[in-house]
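You will see two complexes here that share chain A, one where it goes with chain B and one where it goes with chain C.
After this line comes the complex of A and B, so read on.
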């Protein structure tokens, strides 16, 4: 089983990384979006390999089911031709390099200082009930604050969109 | 083994449902239906299949070729993947996930994705409108569907489908929560793009909807196997969640499960032959203004009862749900009757326009005497 997991991990990792490269290099926006869906699904596959089924299901539900479809909707509603859709924000690519470096440094620091658990320990295989306990009892307040932030963002987006319509 | 079972179920649904649909429509419409190929026309689906397979495989020149070819494959993933968590008998489930209900909700996203991409890639306005309609409709009706899934998870105290079936040993959840079953039925019919919610492929306005440009074997994959496979898988899910899954006397588990799924599919075909199609605004209004508030109310009350009486919440929940169901059906019938028979508009009093017009025409309908010199 261990060898199968290793092989599956390398296949998934290769797919995820090549799809992530595809997201930024494809000239066609829809192709980029499909590549992104593939990337998200691959990340869910990594979660399954780590025996975190809840995280995997949530990943597919939210990122594939909601976010990717929203992006596809936005593309299809704004430019309703399937011809060549060129990516239009290439002029900002210089800003990505320092940001990438910063994110890379932060991630490396976090990963290097992280405390890894033994895969056989109890906390490594949390069940749904345990996650719900943590989410709704111990961290109920941050959870509610987060949902409030999202609500504010939605209301703000509606306000911005409606203002643009009035002008 | 597992893949063989899932594929067999999907291919069988692609054979069984189109035939029974046409026979049932024939029965409802007082026609014959297919009755020439083989005894009772039973070989008709195979004849159709041979015809579709031998047709030329056409890709439109201006279509986005790779997306066009990829879309049916993505859409086809849903019915295969969902079957993985359905328990076929006491011992046989392909994958007993402890988040089975969430998995079903997550995987059904691929169906929306395939339809959206199919609609976009063909570079045809009919397919694009059909695809966008399907996407908007499926996202809207997924919310009440998920809310009823939460109710089932609360009643079973688990998200694993095996546990859901085990918990229904004494009484099926359709008896405890008929309201959730009705919401699941209505939202499921909308998810499957079936009448009265079949706007994405409304043939009188959109030719064939998102599958207009697909021909031959790809049309068979989309219209035959994916759509009817989805119907079967939805029937399997409904049977597992509300109708006791593989439970039943005399026969073995898988037979009972498939029987219940086929009955749910036949109910959808019955709807197909009975109801007229909704308008787009009615469709969205029904989802957001009626179905979602009712599901939230149902969810909240069920949760309240479980908190109030943690030991015996089944009886109050059942009483509430049956009451809500009767009220819902009563109000719904009243409103539909009012709209269709035009009582609110006073249509029954004057005879200068037909009852199906819903609204008084601006000009009086010319009678035979007024037309001509």
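After this line comes the complex of A and C, so read on.
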């Protein structure tokens, strides 16, 4: 079982990273969006490997299902100025790529070798009941404040997108 | 349960008012919306009153998600003052740009709630949610004039850099959780102090958190968004953004650096000193060459962040209480004078063809004697000249830095503040000693609210300058009670 998990992890990790690179490098927006769907699905796979079934299900339902479809719709509805998009902020890539590689290697080296604590709470038991306990008891306050964050996002979307609201 | 809710009464008042404004806004006739601003101001006043009644309480609530204490109360009061003045500055300006909508006041109130949640949090989850609430509302406010290209650009830039900064903070916090196993500040701090956490991972976490905060408060090299955002966003919003999120950012930074990373000060003091020096350098020199007043004030606010970071580095030394108290006082003074300076720009652009350019200031002393006089007060205060609040703020700040044994650093700071005096005084010279090429056209749109807001800021700046001890004592009391210095 352990070996299978290892193998599955490497396949999923490779898929997720190559899809993530695809999202930012594809010139066609639709290709980018589809690449993103694959990326999200891969992340759901990682959650399954970590035995966080609820997080995996939520990932598939919300990200793969809802958000991706929304993005595809948005692209289709704003197609009137279609055409291949160029990456327009690549002038500094000669400096950014070596720097990114350096930071990436240092971070990976340090973070992979570090020793992580086992959590003191139920966070290591991420099944449905455990998550509900944490969400509605320990972290009830931030959970409630999140509803305000969503409210602000909706107000902002209406404000910035609606045409009629000028006096 | 009752006890828990007691801690967030001011927030509940603001949230309820924000929701009421959102609900009744569509029902009102266009000119009936003027009252909404007063409703917001009233809510802030009530919230202020409730913080006054809560001032002697001290407890944690919601399973150690937040704590109510003097430190929190001090900052809540400061945020309420900022919100009130920002709302008073806004109404006429919004009306003239045909964007007087209730949503504006709701967003200001909710951003204020976000700042309060950030400050009162003693848990990294609560902190991050508060940060996002404040940030999201600020992005939308920056783009509030959405028919103005500059405003939309400001909003987009603010959003992209802000989201980027949030991921830095989040990654750093996730690492802190990973190596300690706690989300509570106190427990993380104790675990780190006990010394059995992997050192290099901790360093990466510290760097990420400092970089994220650097973006949020506008420290060099993470400052590039600030001039564009302040220039592009509506002037009252720029006033709010230049003080509110900064005050909240520093309120949390003090807590982070003392409670969580207090035992690790050897690691971060050098980093903060370096950032502080570069920040003062870039802020002071770039402000010299700006011809646009909003851009100049943006670089000036970057320079002020540099001074504040000096004191943060001092708080890593022995005299943490004095340094932190000086930061708290500085933030109050800075909030009043910066709101006021932007407020005068709002006043001038409401009443004339003023275009926020330095050249437009020529001859203002004759044409708008009151506005010029008040702007002089704010400029003197920003430059740190007595008898204004800016003088005492800088004085305490540099004194704290000297006390921490960093006298050379205080010298560097004083040197940069000398440079900065040039561009503040240049504003005064332009107003009183330059002949205008052509006078500004008056359009005569007076507003009681705006005058009240400006008056409050000016009186505040002078009062803090002449009689600073109550606020300073409040800051010191807060620290004694909370951080146990």
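We take it that the second predicted complex is superposed on the first by the 118 of 167 C-alpha atoms of A that agree within 3 Å, B and C clash if a C-alpha of one lies under 4 Å from a C-alpha of the other, contacts with A are read in each partner's own complex, and residues count from 1 in each chain.
Definition applied: a contact is a pair of C-beta atoms (placed from the backbone, for glycine too) under 8 Å apart; a residue touches a chain by one contact, two chains touch by 3 or more.
Not measured: the values here are computed from a predicted model.
> Contact-wise, after the overlay, does A:93 reach chain B, chain C, both or neither (first, second, both, neither)?
Neither partner.
> Contacts for A:54 in the overlay, against chain B (first) and chain C (second): which applies, first, second, both or neither?
In the superposition, A:54 touches chain B alone.
> Just checking: does A:65 make contact with chain B only, chain C only, both, or neither of them? Give me first, second, both or neither.
first
> Can A:151 be said to touch chain B (first), chain C (second), both, or neither?
Only chain C; A:151 stays clear of chain B.
> Answer with first, second, both or neither: which of chain B and chain C does A:37 touch in the superposed model?
It touches chain B, and chain C stays clear.
> Quick check on the superposed pair: does A:128 touch chain B, chain C, both, or neither? Answer first, second, both or neither.
A:128: touches chain B, not chain C.
> Look at A:78 in the shared chain and tell me whether it touches chain B only, chain C only, both, or neither; answer first, second, both or neither.
Neither chain B nor chain C is touched by A:78.
> Touching residues of chain A toward chain C in the complex: what are they?
Residues 107, 110-111, 113-120, 137-142, 145-146, 148-149, 151-153, 155-156, 158-160, 165-167.
> For chain A, which residues are in contact with chain B within the complex?
It comes out as residues 28, 30-31, 34, 37, 53-54, 57-58, 60-61, 64-66, 68-69, 72-73, 76-77, 80-83, 127-128.
> Can you check the complex and tell me which residues of chain B touch chain A?
The touching residues are 62-64, 66-67, 70, 97-99, 102-103, 105-110, 112-113, 116-117, 119-123, 128, 131-132, 135-136, 139, 142, 159.
> Would you pull the chain C residues touching chain A in the complex into a rising list?
Residue positions touching the partner: 15, 22, 30, 61-63, 65-66, 98-101, 103, 106-107, 110, 113-114, 117, 123, 125-126, 128-130, 132-133, 136-137, 139-140, 143-144, 146-147, 155, 175, 178-182, 191, 198, 200-201, 204.
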